[in-house]
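Chain lettering (A, B, C and D) follows the sequence in which the chains are written, and residue indices restart at 1 in each chain.
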Amino acid sequence: MIKVQEEDFDIGTELAAMTDGNHAVGGQGCFVGLVRDMANAEQISAMTLEHYPGMTEKQLASIEQEARSRWPLQDVLIIHRYGRLEPGDRIVLVATTSAHRDAALESCHFLIDWLKTKAPFWKLETSETGENWVAARDSDDDAADRWGSDAT
Amino acid sequence: MIKVQEEDFDIGTELAAMTDGNHAVGGQGCFVGLVRDMANAEQISAMTLEHYPGMTEKQLASIEQEARSRWPLQDVLIIHRYGRLEPGDRIVLVATTSAHRDAALESCHFLIDWLKTKAPFWKLETSETGENWVAARDSDDDAADRWGSDAT
Amino acid sequence: MQLLYFGWVKTRIGKGRESLDPPAEIADVRTLVEWLKQRGDGYQSALEDLTAIRVAVNQEMTDLDAPITVGDEVALFPPMTGG
Amino acid sequence: MQLLYFGWVKTRIGKGRESLDPPAEIADVRTLVEWLKQRGDGYQSALEDLTAIRVAVNQEMTDLDAPITVGDEVALFPPMTGG
């Protein structure tokens, strides 16, 4: 399931909804990304996430499908926020359920790695010195690449 | 932090407590283990976890320390339940926070792999055919071994 | 043709969206971008370094060689920074 | 000496804990286990396959060659199945 939203989310509610009543789940992996207060030694007061409505949902759905094709997953959840966030705010939640722990944890790692470079979001950081678009990092490309390329 | 308890836990509350007020956290990884309703093609009605009070807490603390020595973690939480559980019930929660996503996710994977073979718990499955102690699996030993051996 | 800009491409061009009618001979993204660069300093600055530009046509990722036609939605943006 | 049994070791011996005074010449876990096996069929069955037995002395993991003394807490159990 894909959710692209401005509002915060409740991790406990979201994770419980994936497992309630499904007694075939042996493991649930999850990752939560949060806004840090420091970037390049500068104090950040806000991070504004811009995205490409329409394409974002399609890309996230495609990334979900890719994860499902690679691991035996029972459920996949991606929640990605946009708009103005502050340090400590949650940005993104990815969670997967599987009969097996390796599938759950590896697929979470895959999802967040691919989101970094393949989900159409752009981050604008606000600090004392002004506004600054966050640059894509080579290390994020490398992290995405280690999973190989899209099957499609 | 280590908690060994009979009661269930609330994932949302536990995860939020690790990040609230700490604006240096960039990523939080977590894994939840649940009781499955099938084992070796048999329907399971209950799983009873026995543990070694005193030693359990020591072992979990030692596993937490090992994770902290291997990754730059800001916080580590391990909650492990004991007693009688039913299919769908939560057994264990591991969660870590770090400035970086790789550290958070890899350390969660490490923690659950080591818990499987190094935490003094034993599982008794109840099915229609009676009670059966869950046998340790070679694949769990292999999973623990891939992280190398204890530094101590 | 609907044109969308995101991230610093948007900031430099000074708008996030516009509707334009490029000349009929513009048949791929690369020639569209060259045409846009002649529209002013903002476009010139935004589209100067083509290695930093990512392209989506009708909400699908593609590249500068992608063919385009009148009714397409073409988006130009820097590398994505999701997650 | 406090003896603790878990998992199927406990089930086969028929109890989870007991206090015993082994003879003075029993100075390591291996000889303790051999002595226990003479106490009855339950012990014999539980401790038959030593490769399946794990050992903790005073709540620290160790092995059959570990030395033991009178006041120790010795635990015998199958491989752990946590998580």
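The rule is short, and it goes like this: a residue touches a chain if its C-beta (ideal position, glycine included) is under 8 Å from a C-beta of that chain, and two chains touch if they have at least 3 such contacts.
Just so it is clear, the structure is predicted and the values come from calculations on it, not from any experiment.
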Those chains which touch chain C and also touch chain B: A
Centroid distance [mean C-alpha coordinates] between chain C and chain A, Å: 26
Whole-Å separation of chain centres (CA-atom averages), chain A against chain B: 23
Computed distance of Cα centres, chain D from chain A, in Å: 49
Multi-chain contact sites of chain A, meaning residues that touch two or more partners: 33, 101, 112
Shared interface positions of chain D, touching two or more other chains: 83
All touching chain pairs, where touch follows the definition stated at the start: A-B, A-C, B-D
Contact set on chain C toward chain A in their complex: 4, 6-8, 10-11, 56, 59-61, 75, 77-83
Residues of chain A touching chain C in the complex: 33, 50-52, 54-55, 58-59, 80, 91-92, 112-113, 115-123, 133-136, 140
Residues on chain A engaged by chain B in the complex (per definition of touch): 10-13, 15-16, 19-38, 87-88, 99, 101-102, 104-106, 108-109, 112, 143
